[in-house]
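Shared between the two complexes below is chain A, which pairs with chain B and chain C, respectively.
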Partner chain A sequence: MSFLEIKNLSIEFGGLRAVDDFNLSLKQGELIAIIGPNGAGKTTVFNMLTGLYAPTSGSIDLNGESLLGLKPFQFAQKGIARTFQNIRLFADSTVIDNVKMAYTHKSRETFFQCLFRTPEMVRQERELDEHALKLLERFGLAGQADLLAKNLPYGAQRRLEIVRALMLDPKILLLDEPVAGMVTTELDDIATMVKKLRDELGLTIILIEHHMNFVMPIADRIKVLNFGQTIAEGEAEEIQRNPDVIAAYLGGGYVYANA
Partner chain B sequence: MSTLMQFLVYGLQLGSVYALLALGYTMVYGIVGMINFAHGDFLMIGALSTFFIAQLFSQIYAASGSYPALVVLVIILIAMVGTGFIGVGVEAIAYRPLRNRPKMSALITAVGVSMFLENFPRALPFIGPSPRSFPALFPSIKFNLSGVMISTTQIIMIALSLIFMLILYNVVNKTKIGMQMRAVSMDKNAAQLMGINVNQVISITFFIGAALAASSGIFYASIYPQVDVYMGSWLGTKSFIAAVIGGIGDIRGAMLGGFIMGITEILATSINSNLGYAIGFVILILILLFKPAGIMGKLTIDKV
Partner chain C sequence: MKAIIRKILPLLGVVALYFLLMYLKSIKVMNAYHIQVLMFAGVNIMMTVSLNIVNGFTGQFCIGHAGFMSLGAYGASIVTTLIFGGYHVAENLRIPVFLLGLLVGGIVAGFVGLLIGIPTLKLKGDYLAIVTLAFGEIVRATLRLIEPIGAARGMIGIPAYTNFAWVLFFVVVTLILARNFIYSRYGRACLAIRDNEIAADSMGVNTSKYKIISFVFAAFIAGIAGGLYAHIMSFVQPDTFSFVKSSDYLVYLYAGGTGSLTGSILGALVLTVLPEALRAFGNLTNWRIVIYAVILVVIMLYRPLGICGGKELPFLKINRKSLYEKNFFGRNKDRKPEMPELSER
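And then the complex of A and B:
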């Protein structure tokens, strides 16, 4: 029995079949990457996995429990956390508040405790602060905890998004182009970080990325999408040699010219 | 000097009505991003329902003509909670289906909701269009503080509205639901993916806004003891101006704007009664000219 089981997932927008028959079965602690050219349907898959889009057909099961029909916030509460392709932080809040905002549904503070600031509530609040700070420290953001999120440099904002997602205490982490817009030296940092998340926290990770050389060394498996369809699946080396993949990335003519 | 102080007392009293109502405008705008033009009508619903609840209670408790303090508190609470739920209902029925549509749709719908809320009770046989005189809920003992007359009604009103505002400010800034509200106000989509139930947060926002509007309706009717189905519309307009003056979306701004509106209106009326109506608009124009985002508001510049 696999941890996350996605079967025959399809979605149509009007006449357009944006994702067609997507299958994925994940074991706990696996790190898989979804790659593909722009418009291949990668982010659409993520949107279905977080409840933002309702699939036209297919099923999503987490630990044997179907997630279909749930609201996005319930997906998050079940343990699927994500980051965004274009950063979606709570820009006008401080860094630490951004992280704490991902914990509100778990906090057991009651309304009146907060209003009267009872010792119990103060203690819980302090624990929450410590928990958030510890996570921030792990990603080198503890020093900026009181800055507004919008004033962080770009790379730090990307890391903060990951910290915020981790605060949900997720079972599965979806990373949507975590290195978009970063320079090559930063790629290695993020790659190490993602690997550490998997190795140290035992997280199951699905990663969307364009950069082949970012994905290749860290992913256990790679799935390639093009025009909503899965055109290849396997380990990094198989994928690199797969003619369909090369065609999708470099245009069909390239393959035929070399054939 | 004592005349000026006297006007200040009246101004604070009227200002607390505007401020409580402006809070609803500003919260809904801040969190949902729409202007709820029907908000003034929640004030009317609060005042009218208080009238009817008080009438029910009067047979049992107010045989002597005045209500015991505890009964008054219960009446106010019932009216506030009831109006709060009407606010939640209005949001769920009229605004929620339009949330992801262009802002203009929600705006026009709000105007429609406002018309409905005014004219539906008007058509009901037991409410109707005629004004009614509001019962005296609060005791009215007058004190003379070196030439300034102040009544217990005024003290209770101003104190209660300050307490409500203090609670609200702490709710938004210190509690879990406040944190969720801030998250929703910044990015609804990201908020729901962080496990926040956006619909619930918005319902609570409308509940609080409508309940505060009800309290301001009760206070207003206690100063000018006449209630009818249209009372909410122009009070709503003035409070909306108050919210804009203070900087719409900012809670402290709404309170400040409300008191500025109340005090200047009373001062202007003392000079000429026609000026009282105009002064709010004069201030609005001046603010929009010189500080378009309002006193507390921050001007957001869209990056290109």
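And then the complex of A and C:
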């Protein structure tokens, strides 16, 4: 049974059809990659899947329930978490606060409990601290819990964004270029991390990425977008051999050798 | 045990401060005028903290904050003066009436904050500033038209219930509540909105809701401060709460440092006391406003983030590290994996 079902998703900005007829059906635990040249509409798809853009037509169903018309925070509360292409951390807050901020809607603290800092509220805060620290520790960030997010090195900021998304306890994780601007060793770290997210947490992941040697080994399926159209879909080897993809993305006549 | 001492010490400090000032007054080092300046400083601290919650911690931009103050001032004065007849009320009922008035003032301001917050907090940056500016002027213009509360002449005969102890009490309560608010899920949501609204939205934070909560909370505090102000002055007039007053609070806030309660205290205290203190220099009297402005320029040049710039005195923040370091860092100090070991969920 597919639990995320996207049908005929399209969006127009003025006269420009940025995404045209995007279809995707996801099973639990799948890892799908969306690739395509710059401006192909990949991030636009993510923005529709998280409610930042309202699609012109089409449908998004999660577990048979339509998500159309919901606000971005409701998408997140339904279990679709994301990271951003250009990192969007809460820069002036500490690392641990960044993670705790993603727990806001689940927190049971009431306003008056908070104002008077009742023992019950303090207990919940303590539990939240421990929960956040456990998650941070798992991704090697516990030692930096008290640093401001903006003072973290670049790679750690990317990891923190993923940890923050995990704090939502998501069903689906959308990663927008998680290894953009990273060197090869960092890239391997993130690849291991993403694989573990899928294998050990059973997360369903949609990934946007340009790095072929990052995407090819870990993706179950790959979708290729160009000018908003889906031009190919399939497993890594098929995609690499597909002449349309080679022409549109990898460059005419160039065969990707490394994957 | 140590934690309890750390909690009580600042409160003891405030009590000691009170008795020190009262002693100074009794031996005639300070006079009633000095005490009154400090009372205004206290009201201004409350207003600045309130503005800080909206502008500093939630990252919105309200420039009509005196509007909430006037609503509180009028709300409280109507209760104590028009409904309960000012000094005609029985002696032992004065304090309850005063507190009821303050509460009503706070609620009126908070309610109006809710009414204007719902439509306007969807706006961002400059647009929100313009709307709040207009709001402040609408309140002022409306109060000028209502005859039963004195219209443009203002309202007289308000009993001077507020004394220094009350001001000190409400400043302390405001600081404690504001601190608790900031170090809770509400405060975290506000900080998330300030730091990156899109990310906050994508992390399940209902941004409109938390913006409105912080706005209403701030308006409530401003209303209480307005009530206190009215009962110091014994007189309120709509024009007192003009845009000039709002911009005063903006100056206190940004000179003290946004996002810091310590900054709000220092900014409001220093900039309220300073122009009064400069009066003392006989032949400088006419220059005092110039000196005041120069000091402001110097603060902004050398401390662009304000006097405190995001820093906080220890008792004005809740040290969360101590919440978890014992039961977490203590146990895992030696084990800091570079790369994750993903085990059980």
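To be clear about the criterion, the second predicted complex is superposed on the first by the 248 of 259 C-alpha atoms of A that agree within 3 Å, B and C clash if a C-alpha of one lies under 4 Å from a C-alpha of the other, contacts with A are read in each partner's own complex, and residues count from 1 in each chain.
Following the convention adopted for this analysis, contacts are C-beta pairs under 8 Å (C-beta built on N, C-alpha and C of every residue); 3 or more make two chains touch, one makes a residue touch a chain.
Every value quoted in this text rests on a predicted model; they were computed, and no experiment measured them.
Visitor: Under the stated touch criterion, which partner chain does A:154 make contact with: chain B (first), chain C (second), both, or neither?
Guide: Neither: A:154 stays clear of chain B and chain C.
Visitor: Between chain B and chain C, pick out the one touching the greater number of residues of chain A.
Guide: C
Visitor: In the overlaid three-chain picture, which partner chain does A:13 touch, first (chain B) or second (chain C), both, or neither?
Guide: neither
Visitor: Should A:129 be classified as contacting the first partner (chain B), the second (chain C), both, or neither?
Guide: Touch partner of A:129: chain C, not chain B.
Visitor: Could you give the residue numbers on chain A that contact chain B in one complex and chain C in the other?
Guide: 50, 52, 71-73, 75-77, 81-82, 84, 88-93, 97, 100-102, 104-107, 109, 111, 114-115, 117, 164, 168
Visitor: Applying the document's contact rule, which stretches of chain B touch chain A when the two form their complex?
Guide: For chain B paired with chain A, touching residues are 167, 170-171, 174-177, 179-180, 182-183, 186-187, 189-198.
Visitor: Please give the residue numbers of chain A that touch chain C in the complex, ascending.
Guide: Within the complex, chain A contacts chain C at residues 50, 52, 71-73, 75-77, 81-82, 84, 88-93, 96-97, 100-107, 109, 111, 114-117, 121-122, 125-126, 129-130, 133, 137-140, 142-143, 146, 164-165, 167-168, 189, 192-193, 196-197, 200-201.
Visitor: Once bound in the complex, which stretches of chain A touch chain B?
Guide: My answer: residues 50, 52, 71-73, 75-77, 81-82, 84, 88-93, 97, 100-102, 104-107, 109, 111, 114-115, 117, 164, 168.
Visitor: With touch defined as at the start, can you tell me which chain C residues reach chain A in the complex?
Guide: 177, 180-181, 184-189, 191-192, 194-196, 198-207, 210, 213, 259, 310, 318, 320-321, 323-324, 327-328, 332, 336-343, 345
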